[in-house]
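You will see chain A twice below: alongside chain B first, and alongside chain C after that.
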Partner chain A sequence: MLNSFVEMKADGSTSGGCWIYTGVYTDGVNQSARRKPGSQQSWVAPEWGWAWPMNRRILYNRASADPDGKPWSERKAYIWWDEAAGKWTGHDVPDFQVTKAPSFRPEPGIGGPEGLAGDDPFIMQADGKGWLYAPSGLLDGPLPVHYEPLESPLRNAMHTQQSNPTREMFPRKENLTGPSPPEPGSDVYPYVVTTYRLTEHHTAGGMSRWSPYLAELQPEFFCEVSPELAAERGLEHLGWATIVTARTAIEARVLVTDRVTPLTVDGRTIHQIGLPYHWGVGGGGSIVSGDSANDVMGVALDPNVHIQDSKAAACDIQPGRRPTGPELPRYVEAYRRRAGISVDTGTARVTPEKDGS
Partner chain B sequence: MWGWSSAPDPARDTGWINAPARKGFFTDGSVCIGCKACEVACKEWNGIPEDGLQLLGMSYDNTGGLGASTWRHVAFIEQPRRAVGSDGFTPLPMVTAAPDQNTHAGSAETGIRWLMSSDVCKHCTHAACLDVCPTGALLRTEFGTVVVQDDVCNGCGYCIPACPFGVIDRRDGPPGARNVGIAQKCTLCYDRLRDDMTPACAQACPTQSIQFGDLDELRIRAHDRVDSLHAAGVTDARLYLADPNDGIGGAGAFFLLLDEPEVYGLPPDPVVTTRDLPAMWRTAAIAGATLVAGAAAAFVWTRS
Partner chain C sequence: MSIRSRVRQWPVLRQLTSADHLGRGTAVRSVRTEELTPRTAEADRMVKSVCPYCAVGCGQRVYVKGERVTQIEGDPDSPISRGRLCPKGSASEQLVNNPGRIRTVKYRRPFGTDWEDLPLERAMEMIADRILDTRARTWEDTDEEGNALHRTLGIASLGGATLDNEENYLIKKLFSAIGVVQVENQARI
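Here is the complex of A and B:
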């Protein structure tokens, strides 16, 4: 077992596995099993468990000290430059070349890590700086801005532009998008639906729904709603509900819980519906099965790293089980007609300056 | 038969010589995160069958309670934001994030808190299940714990109503599973203890909510924990079954709770169900003797 990834050799004589985890068995000890109480060590508690890489708890921690290497705050002192010893030290493993003094300035024209100065904490960035204004590298820069999700029951309260104009879209009949303000028809899907995980299952359940000890802990697909939404739509605890979006409709058992709270946005009450995304069709040996939350989500991607905008969508919810067979597409289509949905809905990149909101 | 003493030592009282220190669990509900790793680890180690695929609607608890095939059970209690006070709103006590304190699920924003706690067999000092067992299948181990020997149990079921907590039960399935019809419950991993190992649930617990060790030491640690929670403003923190003078003589597995035991589905003041048996037998014996004496007297009286 290597003590650090820097011990890896290119000649094949070492074996480190996933590089970020090298060191978790430093000195032959399972470092991640350490449980030294917080009262017996510094407030950073480096001997409680282990963190990758190299048991470093906060990345870019050089930024916890000012340009001269002194902690910004004595109370929050984290790492600092020890002038006498000529190195960085502190409560965490410095995320910085340990002997590079704060006063170090590179010769002009040098690139890479050697080209960073002693006060450049963001060592994975080309210039060692943290960026708020990002003139290059981002397709939707240069400054952070708020956009509504592609499907939203609300108008963007901060800007005319409703959603990210640089988003990647896949407009086709299998991936329809519901209307968002200022387009008309968003009242047909008045609620927000989001997905999340449960501790008991792993991703879409491909492993955990086949395991009896996990399947029995979370045996059925459910939706979580607030008591207020349950009253508004006549949903009963442990009854069935149908959740419908522009894509399709799914059914889930209802959990009415105070953990879900209606939001008040722009003077309106916005109800949220929570769906764990671990269920799907059964198949050989599956112990539990159910409708898939992913079926009601659409696909649109962020332009930089192509992450799906699939944590939020607009939906309706009704008590009772969903239709099956040919009745299901008819049910979904009736919603689409009422909302005026076509393949072009939601594909306008730039929101018109003047709208009715 | 147990005897009431000021410092009960169940293993030695049962006749174990050179018994090790009494072992137990301290389950600290203030740091339970509801991951249910204890339930899974217990079933894996002890080879317990899956026992039900029902959505119960009790928050995230689909286990329901302890039974023959559930030896650890994590309760989930949602305490709603609309608790009524004089101002129409009663803020519930939360564990706040003091620098040297653990935090607990609770949000000032919604005023709801989510209590979680892992239940288990209490391994009572005065264990009624053991008292009533006619076959000797229930055994007091050298660690002071209570264990069912599945190859001795005849499934009579006397132990089931004897338990003041509803812990022990007969396995009713599935067909083909081990020990169907036999009374089953937590063994405090008797097999692991004899190999100097930590019970599976405590080993799996990622937050040290389940702590295993010598009972004397666990009790001290638990009282310290309550003191620090009280100092942090969590005045409702209390120990449950840690008192050797309670109705079961204190438990081998005791708990730190953040509310009344009833909130967690636990009896507030459990008493060993066999406590009054000697007195009842005495009364029955006196009644019987009286009957016999009366009959004899009547016989003598008619003859004279």
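Here is the complex of A and C:
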């Protein structure tokens, strides 16, 4: 059993199935089962369990010291260069060649780990640097940029381009998108709906809505709105409300709080609606159930790691419970007609230069 | 109990004569309360574990009596959580002992509308039969130009975010060994 992945040989005489986990059985002991109390060791607690790779608790920890190898902050000293001993030392396992001095500079033209200088902490990057400008690897561009969500009541205040032109889309009738400026019709869905979590439930509730304690603490699906939005739409605290987007409509209990403050953007008041996403129907035997916040969200993905653009959508909210049965799709369809939604809505990649908005 | 000692047990008297003048502690404690023992004290043994919910990894003390989990509490030894648990972690005894918990293999046959119970052994045999059959039918030894492929595109694996590193390692090892190349996980960075 290898104690570290650096013991791996290129000649085939060693084997390792998962390099980062090499060493979890150092000295034949299951290092991940260690439970030495935190009070009996340093604050980094290297003997509580085990972390990959090499029981290192913070990756790239060379960056906790300045280019000369001294901690940026004595109070937060983590690892540092010990000049007398000629090596990196500290509270954690250094994520750096242990004897490479901060002053080390490689000969020009050398690649790989030997080509990194003593002040290049990001050793998994080809140049050892942290990247703000990423010339390769990203499909949309080298610098962070602001785009509006795919559905937004607002025009992008920063650029002509409204939303990410390289987003992945799935345009079909089950996954319609509401119009955003400069397309007309966005006033039909004038509010922003977002989702969040409660500490009493977990994801869609499969582990928590069946627990009597947790179901009692957070018994019902709700929508959180400001007093201003409640007044604008006639919503009653603890009453029912219907939230409708281009996809469908759901119902939730109304929770009026001053946590969700209306935003003033570009001179307009924009109301937000918060939905916890832990409810659903069916599953059998759950103690509490309710409509699913996911139902009103659409599917569009970022081009790099395919994360769903589902934290923000445009919606309307009305007092009362939603229609049921065949009345529900008719209710949703009436909104779509007023907004002029088709399968093509929201699918234009490049926003026209002149939009008149 | 004598009349004298019954009178001494009277909470108002205890409140006036003891240090607990506000009647929020020992003065109002009943005999029933005195006789209660926590499940943590009655347990046969305690097992240290990690909370099954989110990725923080809070330490848990799992108390076992008669080979059954009777209580789960926060572990003060954990340098990560120092004894604390959130509501979900605190209620996780109700997760492990939930009466709705499925304890048998569920099988829905083709065109079936209901779940059926299967013995685990039988289910494992059915899965192995299907994997061997699918692999044999969809095996690609070489491409059109004779380059080695040694793979099947007839089987795919999709994992979830709560799979740990060890489980993912074993999944990858199994599927790579039988020539499956479509091994994915729902967890995004």
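Throughout what follows, the second predicted complex is superposed on the first by the 262 of 357 C-alpha atoms of A that agree within 3 Å, B and C clash if a C-alpha of one lies under 4 Å from a C-alpha of the other, contacts with A are read in each partner's own complex, and residues count from 1 in each chain.
Here is the rule we go by: a contact is a pair of C-beta atoms (placed from the backbone, for glycine too) under 8 Å apart; a residue touches a chain by one contact, two chains touch by 3 or more.
These numbers come from a predicted model, not from an experiment.
**Student:** Tell me the contact category for A:Tyr331 with respect to chain B and chain C: first, second, both or neither.
**Tutor:** Neither chain B nor chain C is touched by A:Tyr331.
**Student:** Which partner chains sit in contact with A:His237 here, chain B, chain C, both or neither? Use first/second/both/neither.
**Tutor:** first
**Student:** Identify the partner contact of A:Thr261: answer first if only chain B is touched, second if only chain C is, both if each is, neither if none is.
**Tutor:** Touch status of A:Thr261: first partner only.
**Student:** Look at A:Ile307 in the shared chain and tell me whether it touches chain B only, chain C only, both, or neither; answer first, second, both or neither.
**Tutor:** The second partner, chain C, only.
**Student:** Should A:Val288 be classified as contacting the first partner (chain B), the second (chain C), both, or neither?
**Tutor:** A:Val288: touches chain B, not chain C.
**Student:** In the superposed arrangement, which partner chain does A:Thr199 touch: chain B (first), chain C (second), both, or neither?
**Tutor:** both
**Student:** Quick check on the superposed pair: does A:Trp52 touch chain B, chain C, both, or neither? Answer first, second, both or neither.
**Tutor:** second
**Student:** Which partner does A:Trp131 contact after superposing on A: first (chain B), second (chain C), both, neither?
**Tutor:** Neither partner.
**Student:** A:Ser39 in the overlay: touching chain B, chain C, both, or neither? Say first, second, both or neither.
**Tutor:** Touch partners of A:Ser39: chain B and chain C.
**Student:** Which parts of chain A are in contact with chain B and also with chain C?
**Tutor:** On chain A, the residues that contact chain B in one structure and chain C in the other are 35, 38-39, 43, 199-200, 212-214, 217.
**Student:** For the complex, which residues does chain B have touching chain A?
**Tutor:** 34-36, 39-40, 43-44, 49-55, 57, 59-60, 62-63, 78, 80-82, 99-100, 109-110, 112, 114, 208
**Student:** Using the touch definition up top, name the residues of chain A that touch chain C in the complex.
**Tutor:** Answer in residue numbers: 17-18, 20-21, 35-39, 41, 43, 45, 48, 52, 199-202, 207-208, 210-214, 217, 284-286, 305-307.
**Student:** Could you list, by residue number, the parts of chain A that touch chain B in their complex?
**Tutor:** 35, 38-39, 43, 198-200, 212-220, 222, 237-238, 253, 255, 257-259, 261, 287-288
**Student:** Quick one: which bits of chain C touch chain A in the complex? Just the residue numbers, please.
**Tutor:** Interface residues on chain C, with respect to chain A: 48, 52-54, 59, 76-80, 82, 86-88, 90-91, 94-95, 98, 100, 165-166, 169, 173, 188-189.
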